[in-house]
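Both complexes below contain chain A, partnered by chain B and then by chain C.
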Partner chain A sequence: MALPDTVSVPRRGPSDARSAAWLMGPAYLWLIITVLLPLAAMFYFSFLSDVPIAGRNWYTTFSNYEAFFQQEFYRTLMWRSLRLGAEVALWCFVIGFPCAYVLAKTIKGRWREALFLLVIIPFWSNALIRIFSWTMVLRGNGILERFLAWLIPGFGSLDLMFTYPAVVIGLVHSYLPYMILTCYISLQTIDDSLVDAARSLGASRLTVLRKVILPLAMPGIVAGAVLIFVPVIGSFMEPRILGGREGTFLGTVIEDQFTAVFNWPLGAALSFLLLACVLIIFAVFQPILRRAS
Partner chain B sequence: MITPSYRLLTVTGALMLGATFAHADTLRVLNWQGYGTDERWAIEQFEQATGHRVVHEYFNSEQEMLTKLRTNPGAYDVIVINAAYTQQAAEEGLIQPIDLADIPNAESLDAELAGHPHLSLDGEVYGAAWVWGVTSFAINTQAISEPPNSLQVLWDPQYAGRIGWRDDAVESVQFAALLTGQDINAPDDFDEIRERLYALKPQIRTFWGSENEWNQYMASGEFDMATYWSGSAARSGGHFGLPIEFVTPREGAIAWLDGLSMQTDAPHPEAAREFIDWMIAPDFYTYWDGEVGAPISANVEAVAALPDGAFNKALMEDLEQVERLPFMGPIEETMRRQMLEVWQETKTYFQE
Partner chain C sequence: MASVTVSHVTKSFGNFPALSDISIDFSDGGLYSLLGPSGSGKTTLLRLIAGFSFPNTGEIHIGGSAVERLPVEKRNIGMMFQNYALFPNMSVYDNVAFGLMVRDTNKEEISKRVGDVLELVRLTGYDRRKPHELSGGQRQRVALARAIIFRPKVLLLDEPLSALDKALRLGMQVELKRIQREIGVTTILVTHDQEEALTLSDKVGVLKDGKLLQEGTPREIYERPATAFAASFLGDANLFKGRVVSGALELDGGSCLRSLDVLPEGGTATCAVRPEKISIVADDEVLASDANVMEARLDDIVFAGNSLNYLLHYGDIPLQVFAQNHEAAELVPGQLVKLAWYARDTILVEA
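Let's turn to the complex of A and B:
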């Protein structure tokens, strides 16, 4: 996805710099005001003993971060959240990549537009509505079970509702379009003659996929996986509704700190620990990520 | 010279103006959704009688309510506050003292509830006792024919995977404290409580968060029994016609009291007092309980006005039989955090 290093940069005079500042200024000002400032405030909150409002005593402390390392359950939940993110990203790849391949390489013209629309349309509906629709599908004697019972008479109960798989199903559905779109873009740029060349040199279809298509599509796959992994590890709405008793993750605990117990400092500290964890993961995988893209 | 009749006309005119315009305030009420004050008929009657408009805002937890009070000073006139939080709100300066003498219907409030220590701070009353009830559980009468009489049944393996539980740290700890005979507002043996809560793992089908959610889960047959509030049970059973029965366990139940308070610098204090008076009145209560289903009124005359056999009359008789009826009270901040920690630990244990 990165620009090639060889893009030549035209010489810029001072007037160019000024116009660049004028053009970029509003966007960066907007980002500073709407993203960086609140984030900085939250970062500050994470070092306080209590929410800094009138009538409350507060002082700066590391105790919110210490709590994470003292209480084992926070780490258990962190691990669960990371696992959920990885699993959802994996399933999105397994389901989304073939779909993107067919869209990019096999189908042409109006059909492609129509099929694209089918991928995008669920994206336009509210996430909450999508998740509640899933509750109707997954619940005991719901749409899915009735369909399976009709297909295979005597089919027992799946009992998917309020389980970990239910959370994965809901999240995969929510984030699948990211994977399809990013993979589609990188697959489309692959020159068909490369595939033809490989085939003419005797490569099997599987070898072509492994040696030609997958490496060239890697930037899209990585971008899709990152776009999915990061929001999923902090998700709280889908686990709450679909996961039931098995739907406790770090995201739901952070939400509890903000909404249920008014402990913003701890919630903020947990959020930044999650962010730190994501950054560490990306740093560790940096060589792979760079090579991939 | 002004003739007497002309003067009379002006005075009357001024009074009428006063009644219809000068005091026509827009009252902002903060409450749980669907909890009495926002009943359409009640608002219409109140608006007709007083000329004030009533606008509602809602919260989903007491902490959210407190957050709203903190972040929107001078925005609300009337707030429904659980008595366990009234002192905290008063200490933080979020709500103002109320003189019950200004509220005519307060005269017939149950003396014990009106003067409940949880509703006052430093000798001043900060909340007018409104309604009270208990937290216990309700059974699905289609799944269970013989109503149980003990809290223990929630832990009975017979109902594994069939229990609905409210995802609330304080309430969960209080149930365990009640069962193990501890002080529900400051339990001392957290190991015992943790053990009890851990034992719920095979039992719980899912967590519920709001009355609406509870009704949906019950209606779709997800629960055989679920923890619940008595006032909500009256609504779900009566108004929504769900096949449920509220259980008063012999060990007792968690009692709670809701008061009506006014925010500090409430924009329309006069109208707020009128609204509180309206809410305490027997007329409102009997209609609310009859048509929708309500908790028990703190107003003695209002309860007396209920027809015989009413849910709340029967409940009051049942509650006289139980071993303990501890009221939810203010909880120390450190205690609250400990309760939350135990509950989060429990929920993490549920994942394994």
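Let's turn to the complex of A and C:
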């Protein structure tokens, strides 16, 4: 039976587009004002020779960007920051994925809610307080050292303060909830009967994990890793407080430019280089990321 | 191939007894259906045989060796799940090859056997598709292929066809039976579709509340149900409850029914009669001497295409009679009709 063509799919008339514009307009306007404008201003700053304040001499230049390519120092820092981001994301995966798995697959009901609360609490506590409490745990004769000494008699001393591992520990603690939540969501969508099916076909637990669970949870793992990687490479609070002299990363150097040295143009240029680097990385890994999710 | 023996198996969840003292022999190469209403413990029993969970007491033997402590991945059973449970991230080929892949079979062997089994389930050429690119019936067949490719000792099917529409289900029943015959694997099928159980299986077991009520060939169970429940669960049945007076069942309305079974003298008993065994007869028709006769009031006639379904009542007993369309008499609801059937079709059942 042929349908009369008057009842075909409703056409999107110009009035549709107009109402969409009315609905979305305010949101976009808000985005432009709060995000794009400051960003554009910063982008402009990054080509100046000095902060454009009355009484200072400034002109447009590429020297801020050139500095990055001429001085090995910045490139080492960039590399250190990227490595830090990758390492923190990896540790978050190693710790967060099993947690998410237990939450999603083995615990039911009230206990799950309680454990979820524990996962979320780091989000709610103030970042500074969180980091400073780590200093008490990690310093020599701190909580960690005493605990280990109590556990293993004759343990000796352990002072992690102002070391690279301290920075990693602090960052992993801050960003772990992202990984747990994204993994939890993707694990929850995996039907339990898939695991049963794999086992009935003769797969050991490890094979089930490798061939069924990990591939199906990959979108969550990738999302979590991206959510962690990006802020970590620009982070400055944890590196500064927990890393001390060992905690020099691109993020802390950028922060210095804005707060201590008052060289906004250089700080802005470094920020955009970092952003460019992230974009390049994502572009390179795009096929893998796309396939994973 | 192997036979499966379940002896005195019980299983409780908390203090809820899901299965109590089940003993069944599944013969080598046979197709056995577990039939029962929802919650009767069919899936529980199947999962015990598969090895997803372990019985509280009792033994399970597969091919003569005790397996009740062996986990599922060591039991070498093929299982087909109600929702197919195909791996969504893998192609049809990889899904089907999974069971061989985990057994470290070499590449050529895998590709040859996947080809063979896809041909068996009539899905040649579909190997590159993903599960979401298949129809329901095709997914079903991939699931079957995946379950049989590694030549399991036993094939377990948990309501494999319940997600399909009726026409497809009938087609798949035929396919399933053909494939099962061809590979000769011992098969245990869970279903709550009585028609499916009757048409497919060599043997049927009826479960209720975690107990095995009766088992036998489809014909035995249909013709000689042991309980009123089995009688009405497998097909339709008219149930007559009455007192036993001198070897016959006396109903409240006064009619006496004879049966070839020995009725318990002096007590009450229940008899079942299949609706298609009863005929509507004319008043002057000559009947066999041992026929049961009864006058019942006609409530309604349901037209079902090739047959007519008469709804009647006798006292407060509701009755059903099936008649072929060609022999249907001109009857009107409200009138009294005379029913007759053989004494041998009156079967004593447990209430």
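Definition applied: the second predicted complex is superposed on the first by the 280 of 293 C-alpha atoms of A that agree within 3 Å, B and C clash if a C-alpha of one lies under 4 Å from a C-alpha of the other, contacts with A are read in each partner's own complex, and residues count from 1 in each chain.
What we mean here is this: a contact is a pair of C-beta atoms (placed from the backbone, for glycine too) under 8 Å apart; a residue touches a chain by one contact, two chains touch by 3 or more.
Here the structure is a predicted model, which is why all the values come from computation and not from measurement.
For the composite obtained by superposing both complexes on chain A, the positions of chain B and chain C are free of clash and fit together.
In the superposed model, A:259 lies in contact with chain B only, and not with chain C.
Of the two partner chains placed around the shared chain by superposition, chain C is the only one that A:215 touches, whereas chain B remains out of contact. When both complexes are overlaid on chain A, the residue A:191 reaches chain C alone and has no touch with chain B. Applying the stated contact rule after C-alpha superposition, one finds that A:203 touches chain C and leaves chain B untouched. More residues of chain A lie in contact with B than with the other chain of the pair chain B and chain C.
Between chain B and chain C in the chain A overlay, the least Cα distance found is 44 Å.
When the two complexes are superposed on chain A, none of the residues of chain A touches both chain B and chain C.
Interface of chain A with chain C (complex): residues 191, 193-194, 196-204, 207, 211-212, 215-216. Against chain A, the residues of chain C that register as touching in their complex are 50, 52, 71-73, 76-79, 81, 83, 85-89, 98-99, 102-103, 146-147, 150, 156.
Interface residues of chain A facing chain B in the complex, by the touch rule stated above, are 53-56, 71, 73, 76-77, 80, 139-140, 161-162, 244-246, 248, 253, 256, 259-263. Residue ranges of chain B in contact with chain A, taken from their complex: 60-61, 63-64, 66-67, 70, 91-93, 168-169, 201, 204-207, 220-222, 336-337, 340-341, 344-345, 347-352.
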